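Presented below are the structures under discussion, each in the form of structure tokens.
In what follows, chain A forms one complex with chain B and a second complex with chain C.
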Partner chain A sequence: MMQPGLETLDYSFPGTRAAGAFTPVLVGVVGSGNLEVLLEPAPGADCRIHIETSARGFGAIWAAVAQDFHARHQLAGVQVSIHDMGATPAVVSLRLDQAAQELQP
Partner chain B sequence: MNAPAWNLRDRQRRERLARAAELPGVQGRHVATDTVVPLLEAVLQPGDRVCLEGNNQKQADFLAQALTQVDAQRVHDLHMVQSVLALPEHLDVFETGIARRLDFSFSGPQGGRLAKLVSSGGIEIGAIHTYLELFARYFVDLTPKVALVAAHAADRQGNLYTGPNTEDTPAIVEATAFSGGIVIAQVNEIVDVLPRIDIPADWVDFVVQAPRPNLIEPLFTRDPAQISEIQVLMAMMAIKGIYAEYGVQRLNHGIGFDTAAIELLLPTYGEQLGLKGKICRHWALNPHPALIPAIEAGWVESVHSFGSELGMEDYIRARSDVFFTGADGSLRSNRAFCQAAGHYACDLFIGSTLQIDLQGNSSTATLGRITGFGGAPNMGADARGRRHASPAWLKAGGEARAGRQGAAGTPRGQKLVVQMVETFREHMEPAFVETLDAWTLQQQAGMALPPIMIYGEDVTHVLTEEGIANLLLCRTDEEREQAIRGVAGYTAVGLARDARMVESLRDRGVIKRPADLGIDPRDATRNLLAARSMRDLVRASGGLYSPPKRFRNW
Partner chain C sequence: MISYAECSARERLAQLVDAGSFHEWLPPAARLTSPHLAQLGLPAAFDDGVAIGRATLAGRAVFVAAQEGEFMGGGVGEVHGAKLVGLFKRALRDRPDAVLLLAESGGVRLHEANAGLIAVSEVMRALLDVRAAGIPVIVLIGGANGCFGGMGIVARCADHVVMSDIGRLAMSGPEVIEASHGVEEFDSRDRALVWRTTGGKHRWLSGDCDALVEDDVAGFRAAAIAALDAARPVTLAALEDEHELLAARLSYDGAEAIPLWASLGVPEPGRVPDLDVAALRGLGVR
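Moving on to the complex of A and B:
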């Protein structure tokens, strides 16, 4: 059951860097101005990003942040889940990069 | 025919002093605590220019309260000339008609109420100044007739000891005492022998012991626990991309977590880069607790201060090679001299702001508030009168003038003025805007100019988590605009960038990303901070720093 007031956003990008099988990666914490990023293996060649955020009305910014993240890492076969408590785009990008780094062999 | 009189000021002064001398609670310079209101009524006349010492930190709060209690039939229409409006009493006197006109520098906490008073016609504002500018006018056309100041202690003769928070007192007293004015000081205690004399007795007319010690605000303490990874990242960029790049030896930091992060990274990240002794040796700075680890690690040769900071007294005393201290061992701050030092003798100012526009103009003015900027405009401005050279100043000037002809190409240096902001502030408020709120505020308050804190012409670098924009290297307004958009992140201003032009600016080194500086954002962790809590700061000071209660969270 979703909490009232949360906004959900979904993005999907075709990727070129297959992540293969990996143990799920969790970085960050759900706290004011912060967020939690979970990476899990997913079937297919897409990088799918699911966002639940307490800050409503910033869809355009999330779309740009997600797109830039994908441009940097080109992940394929990955499900990204974000639980956000009003983090700034700078913090979101940092957490995403920290999570992606964990995937590197 | 009568010969012209040339000593009216002196005659008036004697008349006022004679009226005061008749009061039962007045014994020479000493005034009984309960006689302060009659004293003010005796020496003040309608229309007088009055400086009620309101500093950034120290407040003449007892005299402020007394001024609200004078009989408004006798004392009215005063013209207040003071640097800071910090207390409710500073505005109460306008509501009762005791005062009518105001010239000031900064109104922080009273900014909202001041805006309301202005719009209802309850107050006339002469002008909003910078500190140095207001002090300068004390000696030209805003000389106080009566100054109400605060000191820590007086002796029997009336000499004053200000304690570490000397702040504005010397400038105020000098202007008043040497122009036929009257100086009244509130003190916390009267002693036989002062630790030192900050203001000599013959510049002081009356001394009154206040029932409570004067109010001092610890405005410069930042708890390292609240510094974010993004602030660490920006601090790394400042140190490597600007301080090391220009070899900045003499500088001033604004107050905030951004600059506290830089101070706390010097002994760690700065040390790793081998920069000790090469940057950050001389400071115009209040005694920031966040500077303790850098001082302890031997980075800092000197610090001159505008004011002091509560809890730093014993630490300062024990580090007298670094701070400006008297023979008694305690700090002597001086806002006027430190402002001059920051303006003329520093190569760099770095500070934060609330809004930056596409020209690089920045302002902390927000709608519905009239606050002024205190010292930031003097720190954050190129000193056009400067003539001595230093490598940092020459390099900045060289970058700005390269390839230019004529007057614009005449060789000179330039001060580095850095605006350091996260692209979004709290609650996702963008720091970058098409139009500053200052323009609307100008119309609301009927000001001659929009209240801009630092002019884009003076800003040399804009630093965000996305990178550094070096505006010295921009040659057209369009380049400048794209350089700013190019570090404005995901704000509307940033998203509207011309991506190709931004990339070409990056190729030219106008914009530098963390990667261009060899910085991996993932290395920007709080572990790099030399102190991560208030307790760490106390420990770093060897127990000499004693933070005020509100900061003791352990």
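Moving on to the complex of A and C:
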């Protein structure tokens, strides 16, 4: 059977900074070496991160980048959804910070 | 001055219409994404590469669509095309003062094959229905990817085309022409050749584009406002005029843009690529 092309990864962290209600935030574009990040309000106190990427086999690096992001922002009640086309970890971190910044009132 | 070419589709929309007036339909959170790309191992975009909605422009109600050139080259897939068609159909019902299309596209998204081809033809039909109802359709072209293939045809179906010098408008892109006819016919790496064959200045001088602006969002906004009442009804007489114009081009025997500009009465046509928009207008050719 042909292996599906996209890799899907999910992470969840308990957060302390409740985002409350907000209009969904979209930053970035799905292009070569780039990604889009969508932030939406979610029930509960977790920050959940869902990733779909065309670059397979980098789960350990995604886990580290997601962990670092959460350590920086401690978001709670947020769903983070990512469509990635081979962005480097630095670009991913910058996009995540850009999205988190848009949440600030 | 904000470069139109360097903005994303959403940044262009935000800057072009009245501040804060854009209301999006089927926003990213609705996740209306391509049903085809995942099978090819390609990530989807939450908006399938196009943002659609309503806004005001100089206080007047308009419908707007903006294609994102960075996502699959702005290629029109099934959902992307359906969003454009839906916008035009809604315009027939709600009758805004105009529909603005911020085009940046290589044409059909080849990954989606027939679904993309059908989508583009449906966009053309829907656009012409809107024109036939007397609502002007204004196409703005100034992104780095230009406006090619099926979307090039869509643009020329509109009432009014606004371009910057950076913008390009054509059917086949440079690489496609070189691949099919050879580098002697068209060298796609010769950027000067590419721009004087498909770029905004050439399109404006030859009458394929109605307004030429600098690569500045404010310039595009001003040109769009000026075009709000530029409806060109689809009539038999207008079509016959268009055919006459195209037939006249067939008899032109020059090989290149510069002698063509000379034949249009441009003094020192070799200088055109170096002129800014004001200087080009100042030549008085149009």
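What to note about this one:
By definition in this document, the second predicted complex is superposed on the first by the 101 of 105 C-alpha atoms of A that agree within 3 Å, B and C clash if a C-alpha of one lies under 4 Å from a C-alpha of the other, contacts with A are read in each partner's own complex, and residues count from 1 in each chain.
Following the convention adopted for this analysis, a residue touches a chain if its C-beta (ideal position, glycine included) is under 8 Å from a C-beta of that chain, and two chains touch if they have at least 3 such contacts.
Everything numeric in this text was worked out from a predicted model, so none of it was measured.
When the two complexes are overlaid on their common chain A, residue A:E40 makes contact with chain C while staying clear of chain B.
Of the two partner chains placed around the shared chain by superposition, chain B is the only one that A:F58 touches, whereas chain C remains out of contact.
In the overlay built on the shared chain, the residue A:Q101 is in contact with chain B alone; chain C does not reach it. Shared-chain residue A:V29: touches chain C; no touch with chain B.
Touch criterion met: A:D84 reaches chain C, while chain B stays clear of it.
In the superposition on chain A, A:F13 contacts neither chain B nor chain C. Shared contact residues on chain A (touching chain B in one structure, chain C in the other): none found. By the touch criterion stated above, chain B contacts chain A in their complex at residues 228-230, 233, 422-424, 426-428, 465-466, 489-490, 495, 521-522, 524. The part of chain A that touches chain B in the complex is made up of residues 33, 55, 58, 60-61, 64-65, 86, 88-91, 94, 97-98, 101. Interface of chain A with chain C (complex): residues 4-6, 24, 26, 29-31, 34, 36, 38, 40, 52-54, 81, 83-85. Residue ranges of chain C in contact with chain A, taken from their complex: 8, 10, 27-29, 38-47, 68, 70-71.
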